[in-house]
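Reviewing the structure listed below.
Labels A, B, C and D are assigned to the chains in the order they are written; within every chain, residues are numbered from 1.
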């Protein structure tokens, strides 16, 4: 019963993979915001299936329709509803798992929790739901850009292939120049090759998406529980297949001493800055004006093209056939999803921070 | 304005490091639960300062008082309020930073956000606030134990010293046998030595706390946004000094293939189990009945006993003196905090999961 | 930004009067509940415009589509989305008020708050939005009927014509036998005549809807702020045109003495009962097992068929023409809306009350 | 589990009538607000028991202590905690009802819901809890006064004695000049006499509190569910003994025609005004800049000084003795409670309305 996210800038998503449609209600979009439909479509296209040889071949146009909340091109402050039809659902591809539990999928847990599940395409647990987030997140990015805030994600690891370069040394726009969305062309090619090889092996592989948020003013985040990085963590961990989150120095910071980890303050051009940024732009749960950056770990996709042993709903042994259309690696398509959720978090905190002022 | 956590089993904490008191209201504790005051005190003692040579020497008894919500030893279902007085606050130790921003502390961000801050002992941003969480979390553990659920955390890394053993191979109770709360005595001693040496160097060091939750029935967690691991992540990231969270295979899972990462289902004694547990006991955001386990990364404590360059409130250069009483490494005292927040998350989802049944 | 209602059994509505569609997401419907589509349509038909001579002549079929959350006839526990298209919107009827503020409408306040408004048909402030509530409320009633709870509303006053009979003396089903939904045929006829005469006078008139909820077990309601009657009040006051709410003895109880107002407890057939029921089935904010009943006051509809003086957006004097298609009295169509909101409140409290048990 | 109220400006109250203390955490008070302790005490004194011959004779000083959230006289933006000790609790006065259900009290419903209850003084269901609301509400009024908003309540009816004068004709400050808090001295005296006579009759009587909020700018309130009057209704209905709420024309408006009920807009001194104000300052759920006014109905106090028939916990017949110290009429002391809850609602909406702006 938790299909809503956010406090003021709040979304509620709906829809199953093979149902009529998926969609989202964005409640709390500031009135008067011009809604750029092309930008929404662009973000949806970055996430949509079938976009390249290293993604699933399911073909969805992911054209959207706005049912409410926009008048003469601008948000009205009332619920903004976006619907995306499901068109290329091949539900019969799933009849073979109607009463089987696919390993490391949500089949068993949904059945345990609800006593019923729409098994077609994974139903509600399908990552198809994230298209709705991308649409709403695109509007969040549009709102944030009016405040000088940018949100950009990219692939920084696939399997063991890591982009070792720091985000400050990268042209983040270059991520969109290749299929895998890694801004370093040579590393990108290695990643693409690895994914392609993995696909040919009928297997899947994990990856990491990094994200950088620039231009966030000091003051966003609501201690002690809704710290900025705590909400970012929740937002990211809520994306399908995510297993880990770290910001700033992250797990590597564990091995450092305070004397080298501490970020020294200084003033330049009347702006407070820090010489290093191990804090990842957040201190005490509140943005400090420096770049916010974090990394999100995605596991290998659970659906593989090999047969696997499992059980059925009555507990009997069974074999799950390797078939259907799936991604060999989820991170290229996850980039706009990470951006969307990050933008939703920042937009929400931006509005909340205005509210609490005297 | 976000000092509350949880939906049904919900806490609100209050208090500054050097104010009158800190405390917590637990709203939603099921009526009739016997409240074990000794167990609460025990958990507070595990967190309290001054407990050993490797923790801060601030002396707080952390005796608590229950102001409401308990009648004749049992919870009444009304708000259960616990207050812990501040006794050994030495506020004058902080007068030197009244208008300075300590590096990698929350001084600058609180000042930016609120335009005012109680600088004494870090005010609200002090980890002292977590004592309130520990008290409430202890009650959550008491509730969960009536359901057969246990929550146990331990230190698995300090600096570069890692406990490489899997939690299934450990006696988790052994963690309490030594100062650093690592269940492997030899590794524990190395950790203690490292912390002690770091302290002598007037420096600090990071660490990792691991946590294992056993006995959680299938079905807990509320997709798509309040996935069980997403709430655990938020709860952990909301603890002071935390920089990263991973569950199950975590960041290491990124390098695996789906064929080896997938957890095969089987049935034993009429219970559904998995042969491996890379899923960390959670699939699709819902518990699957296997052990839930996760790791939490803590940065090195920001307060060091060395002088540091920084700025003051008017932007001028200044030196922050290294003084006061602080932990050289936060993880030994963080163990009960991690348990508390984990228990609060599980208790809340336990109650929610009952609600949504037909 | 508050287009959601409820905690566990939670709805979010969307849509403007003359937009593409209106609709609702019901998040938290217990999985496994059979969804009776005919019953939903029946409730929508009770609310729909053009149903009789005493309602607006706008013709909307109000046929609905379920986009998600139902699989093979049963709720899946995932968001249940219902969409109702707008078909007979005559937006050009509203071009004359595009920049005028109709008296006692929401034109001025929406413009003040949002700086923009969809003036067509009142946009989001139109009572057309309540169709979405009726659809979701119908499912709430279906859920409640599995628990033996019934929710029935009826018209008890139009202008000065009052139904003086107590609800315990009425056949509540008889309300559906006439156009005005008053269960006493003679009073009903007087009401119909009054509404018809008012319509001919190009004027409008107010009314009262009474509601009775039977079969609610003791224990529903969450003090101290979410008392059962407090949520009922909020739910009712959130319906368009409502000006007052009272339950049990209500405003009349003010004039009574405690000695006659107190409801004496007794036991009959092992059930606790009260000899009188001035408490309206709720004591201390919690249901006591007796009938819950309350009254909701509706003002006369603001749109009248006469010209009125007003101002335009630039503050100049203007005349608002009396035209369009509108109800001369809102209460006959408000009956299913009152039932819907009441059912949503009770269903939500029912689920919450399960959650908080040990 | 619902002891919190508000979204941004949010309170959580705790405490039982005869426990250690009652209190409140105010989370979301804008940082920098000067906290006027005398004003808080003044409001508490207006509510406190034993203030005159027409109130209960329980003697509580209701001195408060601020445990957190204020630094050097100003709110810090962190949780502001206020505690009020219980001093004159005579719990033995209640031993006779430990296992009895007092008529029209919350004894039976609390026992049904929670299976346990602190029977002493009514426990959590006691109106003593409202002192915590008054303290927080006093701060809300302090915040609102910085925005030019005033909140003033007064007694407008006791039994059948009504103050028939419109609020626009009254000197609202005069309410504090007499024991019953009715701004019209002659009517006040009649009310006092009636209450005194009722007390001598060992009985109780109901009353109405009216409230006027001036200076609210257009734009407050969040349709469609959190309409300004809907939240006011919920806030008022959550006060002990309240049975009804109406705003603007209220129940009387039911009998009016639209042509006379509609409030004509005009402009004076560049401000939009309405010639009449049947809307009660709220249109479409949003404030329109005119005075907001509403009426709250209180039932006669359930505790009377006469013996009453009832049942005990095992269902047996029993007599409830008329004893203890109680109010013969609740409205004089309810005046500051109504103001407090109203101020909390307005303050919350004020902050939310800032948040949603572009």
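Assume contacts are C-beta pairs under 8 Å (C-beta built on N, C-alpha and C of every residue); 3 or more make two chains touch, one makes a residue touch a chain.
Bear in mind the structure is a predicted one, so any value in this text is a computation, not a measurement.
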Common touching chains of chain C and chain B: A, D
Longest centre-to-centre distance from chain B, chain (CA-based): C
Approximate Å spacing (C-alpha centroids) for the pair chain B, chain D: 39
Where chain A and chain B are represented by their mean Cα positions, the distance between them in whole Å: 26
Rounded Å distance, chain A centre to chain D centre (Cα mean): 46
Junction residues of chain A, two or more chains touched: 1-4, 8, 13, 28, 31-32, 77-78, 113, 124, 223, 352, 356
Chain C residues within the chain D interface of the complex: 1-5, 13, 101, 103-106, 108-110, 112-113, 124-125, 129, 157, 159-160, 198, 201, 203-208, 218-219, 221-227, 229-238, 243-251, 253-259, 261-267, 270, 272, 274, 278-280, 282-289, 297-304, 306, 308-311, 315, 317, 352-353, 356
Touching residues (chain side chain D, partner chain A) in the complex: 7-8, 28, 30-33, 77-78, 143, 146, 223, 351-352, 354-358
Residue numbers on chain A that touch chain C, as the complex places them: 1-4, 8-10, 12-16, 19-23, 25, 27-28, 31-32, 65-69, 71, 74, 76-81, 83, 113-118, 123-124
